[in-house]
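Shared between the two complexes below is chain A, which pairs with chain B and chain C, respectively.
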Partner chain A sequence: MKVASWKELGIAALIALLAALVPLVFDAYWLSVSVTAMMYIALCTSWALFSGPTHYISLATGAFFGIGGYLVGTGMSDYEVSFWVMAAISPIVATLLAALIGLATLRLSGVYFVIFTLGLAEMIRNLVSWIQNNFLGSRGLYVLTDFTESHIYWMLLIIACFVYLLGWLVARSRLGFALKIIGNDEAVAKHVGINTAMSKVILFMTTGFFAALVGAVIAPRYTYIEPNQVFSPELSFLVVIMALLGGAGRLWGPLVGVIPFTLIWEFVSIQAPNSTTLFLGVVFLLIVYVLPHGFVGRIEQLNKKLREGRS
Partner chain B sequence: MRYSGSVLSVSGVTKRFGGLVAVDNLSFDVSEHEVMGIIGPNGSGKTTMLNMISGVFKPSMGVISMKGGRISDLPAQEIARRGVGRTFQLVRLLPTMSVLENVVAGAVFGHRRRWGREAEDQAHQMLERVGLEAMAFAPISSLTYIDQKRLELARVLAGDPEVLLLDEWLAGLNPTELETGIELIQDLRREGRTIILVEHVMDAIRSLCDRCVVMSSGVKIAEGTPDDVLSDREVIRAYLGDDDA
Partner chain C sequence: MDILVSGLLLAGTYALVAMGLNLQYGVARIMNLANGEMLVLGALASFWLFVSAEISPLLAIFLVAPLSFAGNWLIYRFLLRPLVKRSKSQGQLEVDSILATFGMSFILVGLMLSIHGAYFTYEFLTQPITILGSIVALNRFIAFLIAVAIGASLYLWLNHTRPGTAVRAVAVSPEAAGLVGIDVAKMSAIAFAIGGAVTAVGGALISTFITLDASIGIIFTMKALIIVIMGGVGDIRGAIVAAIILGIVETAVATLIDPGLTLAAAYLIFLLILLFRPQGIFGRRPT
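Our next item is the complex of A and B:
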């Protein structure tokens, strides 16, 4: 058990090392696809830290991501604060917001939690747009930096590694064990002495922190930012779908969901730009009917069959 | 009023659900090492009473205290940490985890908190205690009904509770299983644990309980040794109706 988990970490480190070489090998087009993939890897892995064990499906990723991008935009173009300062402030703001949301939604479960997070993300988007339009004058914001795509890629890779390492540590901690119990049966969790509210809020704050950090780091890529664009609800759905496609039950699950999904998404967007929503729907049906536990579930099922066949 | 040695005391507790009074001004004390039964016809408020002790519900009125400290306004997890462990009327297990992990869950966050090796050792001991050690690495789905009940008990015991609440732990067992079950609780009793059990199986009540509280429609109608309360006219009337009393 112990050896296997160290091995898992070793393999992850090796993959990260190989991933770091991507900008040196790929051309501009594939690098840009890789940046998108890396962004989703970081987002989906951190989403799964909370939603994987607890089965609470959060659609608030877009809101936290948006806070990251928007704060970097407004800080840099309206107040001339440096990128680094804004990239440090925005995750903290998002974490505080996540704490508030967490405390407010403690009593919600199942579909109520899902709808609440979606509504909340929309509310934040509209609120920011409204403030921007009515009080701050300009509608769009400029994020001008010297970063190249490679820089952004490497920063995202570092974030993804941090998320992974954190997830690895959490999975081996009391907190991780508590979340697993909460996902199984919240009533039992309380009666064995777990502070369920606290555990859930801590993890929710973590996902908020990382989503905002990713949003902040990726902002220079867009150069010009509109609140409506960075607070995109589509992003929230994409994160959920990719994470579930890979399988949210394992730390490396989102990774195996993001890569094929991003490639096909890229292909569909170029070949049939009007069919992306259709594609999203098809993938969702695929998850529900064929891959309820994602690729990870299927892989583990096959593994088990092979082992049983051998013995 | 409270005599020394009382571990848990319930005084004047009432629970209302809208217009329904499920538990009406109930009081009793449980002293250390005592096995106390809460009995009564279906719907008399026994499980509601247990739920208030373990923190699922808060009483509408009255106070529940443990060793002199008030617990009735604490959340369930806090009550569990103070040393109240319970089983559920309908067995609740953690289906995606192994038998061993289910018990570790009780050892990690409970009254005594353990982690890692220590928690696993404790879990193995508890599984042995309830006679389930052979199944330690089996999935939950392979357990029979009595084994599920054993497992739930092992999880509760793993937290070293000072007060054990058993909600119809013996219900639904066949005669052989029932015998095993009663023996298991006998053992716990011999260990000197404080136990409150809600039960319908009269044989078990007679052989296990030091004292019983009889409830009917939320009210305490009798309290005393099992033999005394079971021959009480009021109790017989509650169970069987007026004609037989």
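Our next item is the complex of A and C:
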């Protein structure tokens, strides 16, 4: 067991090293696709940290991501704060928000949590637009930095590695063990003395932190920030789909989901921009009815069959 | 006063839609997040009938109701029933049904966008009338009356007929209902279908006085969910009170502060409910 988990970490490090070479090999178009993919890898892996073991479907990613991007935008164009300071502040704000949401909803059943996060990005967007229109004046927010796509890509890669490492550590800690029990049966978890609400809130805060950090780091890519664009509910759904498509039960699951999905999504958005919503719906149904445990579930099923066939 | 009257009129249709969702979640145990899309589909149907064939939305209801009943029955029977069968626990079913209905809502939005991508605007009964000293459009008042009529007959059906009692029995406990000879699968399907039909009719009514578009369903899903939770799952009386509160608060926020903040106001109510009365206004604390 110990050896296998170190091996897993070794493979991950090797993949990360190879991934770091991408900007040196790819042309501009493929680099931009890779940046998108890397963004989703970081977002999905951090999403799965919380939702994987607990089975609570969080749709708050868009809200946290938006906070990251929007705060970087406001900080840099309205208050002339440097990018780095804002990139450090915004995840903290998102973490605090996640703590509040978690404390209000995670003590109750999972449905309330899903519903609360469902409209969250939209609600914050309305609130931010209202504040901007009435108190700050609706000026555009510019994020002007010297970063190239390659820089953004490498920063996202570092975040993704951090998330992965954190997930690896959590899975081997008391907290990770507690979450697994909560996911299997919350009543049992309570009876053996686990503070279920607290464990969930802490994990939810970490996903909030990373989603905002990714939002902040990717902001320079858009140059011009608008609440309507950064607080996108669609992003939350994309993250859920990609993570589940890969399989949220394993740390490397989201990775297997993000890469094929990003490529197909890119293709669909260019070929049939009007049917993207329809396509999303079809993939959702596909996950529920055909791939309930994602690609990872299928791969492990095949593995098991192969092994049984051999012996 | 103006706020109270138009808030109350809005609450009528909200209560109707929440009743539909309540049947689906309370009886069929399906957290239907495609509920808002069903509402928009009803609205689109009545808009389309009005624009292309000049059929009054009040007549369109009679077409929308049976069609959406059949559609929802089919959805339950062929898409959701397998999930109910395969799930080992309520939690598992909740996750599955949430994801599946998300899928359906996206598919519906996609289809509706391809049918009619613009706003559903038409003018129907826009002449002003005076109620309790405030001026409102006739269409709002008519929609309110119809919503109340449908809601009342649904209430009577649930409480004073045999099939209605069977539906309520399933809501209380599917296992016990099965023991006394109620066909739980059939009753769940019927409850889900009625819930969908009621929601679609609510959509047709709302379309007479609010301009909708294909992708607005999710907002109505949120509102219906907030009403159901505020009222307590399965509690019709609670849902009506909750709808009135939401209707009035929304109207007040829209007139006094800014129409863009109605969702934020709904969230505030939601948050207060979660913090202080998660079991619903009239609900008892679980022991």
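Simple rule for what comes next: the second predicted complex is superposed on the first by the 308 of 311 C-alpha atoms of A that agree within 3 Å, B and C clash if a C-alpha of one lies under 4 Å from a C-alpha of the other, contacts with A are read in each partner's own complex, and residues count from 1 in each chain.
By definition in this document, a residue touches a chain if its C-beta (ideal position, glycine included) is under 8 Å from a C-beta of that chain, and two chains touch if they have at least 3 such contacts.
The structure displayed is predicted, hence computed values, not measured ones.
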Report for A:L285: first if it touches chain B alone, second if chain C alone, otherwise both or neither.
second
Discussion item. Contact-wise, after the overlay, does A:V81 reach chain B, chain C, both or neither (first, second, both, neither)?
Written reply: neither
Larger residue footprint on chain A, choosing between chain B and chain C, goes to C
**OP:** Tell me which partner A:V268 touches in the superposition: chain B (first), chain C (second), both or neither.
**Re:** neither
For this session: Give one of first, second, both or neither to describe whether A:I299 is in contact with chain B, with chain C, with both, or with none.
Result: neither
_Let me test your reading of the model: by the given contact rule, A:N195 touches which partner, first (chain B), second (chain C), both or neither?_
first
Figure out whether A:V93 sits in contact with chain B (first) or chain C (second), or with both, or with neither. neither
Exercise. First (chain B), second (chain C), both or neither: which does A:L244 touch?
Worked result: second
Residue positions on chain C within touch of chain A in the complex are 31, 33, 79, 82-83, 91-92, 94-96, 98-100, 102-111, 113-114, 215, 218-219, 221-222, 225-226, 229, 258, 260-261, 263-264, 266-267, 270-271, 274-275, 278
Note: in the complex, chain A contacts chain C through residues 55, 57, 104-105, 108, 110-112, 114-116, 118-120, 122-123, 126-127, 129-130, 134, 186, 233, 237, 244, 274-285, 287-289, 292
So, in the complex, the side of chain B touching chain A is made of residues 54-56, 75-77, 80-81, 85-86, 88, 92-97, 104-106, 108-111, 113, 115, 155, 159
As the complex stands, chain A meets chain B at residues 174, 177-178, 180-181, 183-185, 187-196
